[in-house]
Amino acid sequence: MNKIRLGIVGGGGDSLIGVLHRVASQMFDSYEIVGGVFNPNWEENIGFAKEIGLKTDRIYKDFDTLIEEENKKSKDERMQVVSVLTPNFLHYPMAKKLLENNFNVICEKPLTTSYEEAVELQELQKKNNTAFAVTYTYTGYPIVRQMKDMIKNGLIGKVQKVDMQYYQGWINPIIHDKSLRNSVWRLDPKKAGISSCIGDIGTHAYHMLEYITDMKVKEVLADLNHLYDDNELDVDGTILIRFSDHIKGVIRASQIATGEENNFTIAIYGDKGGFRWEQENPNYLYHLTSDKPLQVLKPGNPYLSEFSLQDTKLPAGHPEGIFDSMGNIYNGVARKIRGIKNFDGGFPTLEEGVRGMKFIEKVVESDAKGNIWLKL
Amino acid sequence: MNKIRLGIVGGGGDSLIGVLHRVASQMFDSYEIVGGVFNPNWEENIGFAKEIGLKTDRIYKDFDTLIEEENKKSKDERMQVVSVLTPNFLHYPMAKKLLENNFNVICEKPLTTSYEEAVELQELQKKNNTAFAVTYTYTGYPIVRQMKDMIKNGLIGKVQKVDMQYYQGWINPIIHDKSLRNSVWRLDPKKAGISSCIGDIGTHAYHMLEYITDMKVKEVLADLNHLYDDNELDVDGTILIRFSDHIKGVIRASQIATGEENNFTIAIYGDKGGFRWEQENPNYLYHLTSDKPLQVLKPGNPYLSEFSLQDTKLPAGHPEGIFDSMGNIYNGVARKIRGIKNFDGGFPTLEEGVRGMKFIEKVVESDAKGNIWLKL
Amino acid sequence: MNKIRLGIVGGGGDSLIGVLHRVASQMFDSYEIVGGVFNPNWEENIGFAKEIGLKTDRIYKDFDTLIEEENKKSKDERMQVVSVLTPNFLHYPMAKKLLENNFNVICEKPLTTSYEEAVELQELQKKNNTAFAVTYTYTGYPIVRQMKDMIKNGLIGKVQKVDMQYYQGWINPIIHDKSLRNSVWRLDPKKAGISSCIGDIGTHAYHMLEYITDMKVKEVLADLNHLYDDNELDVDGTILIRFSDHIKGVIRASQIATGEENNFTIAIYGDKGGFRWEQENPNYLYHLTSDKPLQVLKPGNPYLSEFSLQDTKLPAGHPEGIFDSMGNIYNGVARKIRGIKNFDGGFPTLEEGVRGMKFIEKVVESDAKGNIWLKL
Amino acid sequence: MNKIRLGIVGGGGDSLIGVLHRVASQMFDSYEIVGGVFNPNWEENIGFAKEIGLKTDRIYKDFDTLIEEENKKSKDERMQVVSVLTPNFLHYPMAKKLLENNFNVICEKPLTTSYEEAVELQELQKKNNTAFAVTYTYTGYPIVRQMKDMIKNGLIGKVQKVDMQYYQGWINPIIHDKSLRNSVWRLDPKKAGISSCIGDIGTHAYHMLEYITDMKVKEVLADLNHLYDDNELDVDGTILIRFSDHIKGVIRASQIATGEENNFTIAIYGDKGGFRWEQENPNYLYHLTSDKPLQVLKPGNPYLSEFSLQDTKLPAGHPEGIFDSMGNIYNGVARKIRGIKNFDGGFPTLEEGVRGMKFIEKVVESDAKGNIWLKL
């Protein structure tokens, strides 16, 4: 099985979303990054490609050139999928051209800057059969998928109440200073579109709600807060929602919940039980019922569904961050190999391994000799 | 900056440790897997290499061939580092040969099967200047590194008591059945060495203790439990430790703590404060003092040390598992592209992106019109 | 200092609110229960008084008799305060008569069944100087009082967003069965008034909000859910609230949050920080800021305010439930003395005390002899 | 049913243990405090009795007088049970005399200052049939009793490993200062007996272990820490324990775990499952198994045993501290009645009750009118 040829547009330099997509693409040994356009500035574009160790033959000067050059390649060489990580207003024209040229697309959210553009992309996609993913990242957690499965299988019965929260506090240090708040792109309608808070995070909560329940919201009533009269976009909002006359709920989102980091939580209640989940502790799914003790489900356990388990790579009890932990050790080794300044403790050394062996031997000896003290 | 050329020995097929090392190697865009030996069986070896999308020209039939062939290559082509993921008893001969041939080495723990072998490797390494990492994985967590830093900087004063726990329950369903317990390699002294529980996980706890405190254990007194007379290796143990006459502590490890998954915890107390940390919730570091409220430190925040922050790739509040979550979405797209059966919900689709745009528009409209109900 | 003479109206038999008030009245050695009317039925009234060990000379046949007889008593004998624990619709006439006769009053919530009645009571009270408490119980937690104090002292700056949740699930097993839901008094407008969920628990959330912030809600917009057309009262609701144009928030309450027990939570965010608190873990106050680690405050610590500390009776680390734990031991002894069936383990026996002494001696001896095994 | 006549010896003034016993004695309406000796100093003794509102006719000048005078009383008047809350060294002579005179006894732990004395008390008690409780307080928690029951009923199978921890840090600010540590009674062998840490808290852990498992520890091996050469008593210790050759465990206790408040935890593992419990969060019992999700049991739920439920006075979700919360409100009212300085917010006032009624009415009206804004 050949690796899927992946191109990336945007996400160069310090871009956090760039790191996220590159690492994610390696999680299942499925993708090879073959090229892309990381930056409109050529120096930075090519520089970044080199920095992350890519060959430079398919690093293009701009998006149009990428399309043009890739189209010249044979079916076995051409990029199969392109990830669009550019600023929001570029999603639409790029996704459109990629669809028109029959590339599969992975596009960051929000999909576009208006509903109208979004619908146009959808019309286009209907004509071909490309994969098109919008990266609502949080739906990928194994235990979220377990929740979706259990709701579908009736474990909590008919849904009767929903409550989604997405609270952050990052904009608080900015919003109270007039010049600061007028200089942030997220608060500028020209760059961010018609909404700041709801467009950025409320939409995650909304998507997740429909994702896990397989139900469609029918009506909304929203109360947004701009906090200052001269602040054009919302930084906080509460949205009443209705699935039907008797199935109601609420979506709450905020960027002024001072001190909150990324507190995205789900509470879904049905007539047979309920679920709670928190993004900051993504390995714990709480299953509530009327008559039994609270149950706590964790990834990788045999009691989970196939959908949840297919995406779990390690045994139960290993939080997914373990990849990151091991990654940091590899990074320490890389620094050593490259002669870059390394922190003391950057990776466990041979000496530490040797000492570990001594420990095991002395422990077994102490026990065998009747639990006596031994020097190490 | 070219990627570092990484070879891998072992870790093929369903090997969990294989996945862990491959993904970790991609976390910082620093390594390229150029080849290796994944399996002693050639069919499985080459098959696995293809499955994970590697070129097959540097997949070797065995370890000796790898050394021989790589030695023929130029400095710019030769593998720079080799990860040793083979069964424990192979660590020593392979690491030895790699050192003798001046490869950098990343070796799984336990380093060897005896202290004697370990010392021999150490002697060898002194002669060259290769990087040699033993993958005590848990030391890579950003917040563990923060703890190490804060202890070094005196935040908890002079360490006066330590308590390390590593509790698992996985061997419980095996240990009570005579035939089962006689068939598990971890309980077979020929394959596992002189210890099961301490060798596998007690050693992690011990290493972590010295890693974060920068202190050396002077003496041990151990009480191990084999649970059955015919079970040769320990499955549980408590180890009294002394740093000095007045600085004491305990390491506790178990494989029969039924229902525990990977419950590795740290408690370190000094004369000015203390720390608690749990591997299953690796993003939370608890800092205790005598006179102030408990403080909870989380990765990625500006109040952390440089050592901790250098390894954090995403903003505060994004648990490290976010890579895994995004990885699962990429995996869903890969399945779609490859025409493999996909679960409903395997990745967020274009339709979902479109609906998200409608949501944002209606929410802003509801608010603007005075908080009224609007259909979605 | 004589104990305050307390009368109780209602709260007999299995009444939970009765237990709560009786025990609470003993917490500070301040009150003596001198009499009351526990039940409209004389047999049950007098029977209950005997069961809880009261003298029967001031157990009255009805509320009017209580007033009449107590009024005959001298200033040094007369009840000083009366607790009104009767069904909601009786609060108003009883409280009114108590005020008219210059008794201090402790009244369960909701105060009355209509705003009009409530205002009338307020007018009455203005004429005398009696104490009149409405038992919004949750405001008594030491750490809630700490939160109130810290908000007043500007620790989180100017409040900019509030979010109160009170979720229960107890009505779920009732609401889906037509005959059941028509037979519950809480869902009967004649007995419960105009609201079930908001009247019972939403009002707690609302009161707590104004209590801790010292701010007044200016406007509300509510969306309630009755779940079934034939169910007259709300069982769930979300209430948008405004303190001013730019200070907003939400109160969420539910009786159909299946599996929730008494999940009352607070989140208050200001421009300098925030607080989170959960009633089911009432000893933990979470203080969030933009730039420092999360702080967790716990009762009884010297870093707390005088207002919080005055009500803490035990050292830090002793959850308030410790009274209950000790109470159960006293209860076990009472059963033994009274010759009532006792569970094995109902209280720790002398034998257990003896064994404890042996343990201490052997432990010290083992240590003194160089850490050797000793039989117990 | 008359209240049981309770006498109290010790526990006057600021004594925390005094408050604990007095409140506990009122939890089930079973006891009346009829007298006692609160302090060897007569002024303080009688002063304290008045302060807590007791009649003074049975406040005695010393313990011997109490015995003498109470013995003169009739069977229907005489104290039925006496609580011994005096310093440790007085437990033995007082308990002895109480037994000799056929009083029921509730005695604080440790029972005596030596095993020998303890045995003597036991011999004495065998001759009569008095109730004698040693107040190992923590065994009274409803959910601890549930754990005991479930272990007895085989829910976790045969116990195979136990781990008890009791960590405090209170002695840390004292121990490092030579003059301070020489002035604390707990570190003075004459007053505290042969042990500080183990005698005070290790013994709780030990008792709890035998209480919940119904098993007897056979052997101990202890390693204690005095931290300084001139400190005669232990302030920390780890104790290896054995129930049998293959059933082992550990008890860990510390007073130098800086920043810990009262961190008493239990972990018990059997061949079918395990339990975890933490005293600082006493309402949560964690039940682990090999093959099912973690279950979290909470007090007051119908799925619990009769033994656990008999001691639960309030519905599920009301933490036991609710009594304390309500008690603080009663305290606020008492201050008002007595004209003592009250904090603003000391109890919820009538005004607050009135406002609550308005809230309910406006909420229902907003909903009924189609979810519109209404002024409050």
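The chains carry the letters A, B, C and D, assigned in the order they are written, with residues numbered from 1 in each.
Quick note on the criterion: contacts are C-beta pairs under 8 Å (C-beta built on N, C-alpha and C of every residue); 3 or more make two chains touch, one makes a residue touch a chain.
Since the structure is predicted, the reported quantities are computational estimates derived from the model, not experimental observations.
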{"item": "For chain A and chain B, chains touching each", "value": "C, D"}
{"item": "Farthest chain relative to chain B (centres taken as mean CA coordinates)", "value": "C"}
{"item": "Selected pair, greater C-beta contact count between B-D and B-C", "value": "B-D"}
{"item": "Between chain B and chain D, centroid-to-centroid distance (C-alpha), Å", "value": "42"}
{"item": "Computed distance of Cα centres, chain C from chain B, in Å", "value": "48"}
{"item": "Chain A, residues touching no fewer than two other chains", "value": "221, 223, 240, 260, 291, 294, 298, 371, 373"}
{"item": "Chain A partner contacts - residues on chain D that touch it in the complex", "value": "221, 240, 287, 291-298, 301-303, 371"}
{"item": "Complex interface listing, chain D residues touching chain B", "value": "156, 160-161, 163, 165, 167, 169, 172-173, 176, 221, 223, 225-228, 236, 238, 240, 246, 248-250, 252, 254, 256-260, 267, 269-274, 287-291, 294, 371, 373"}
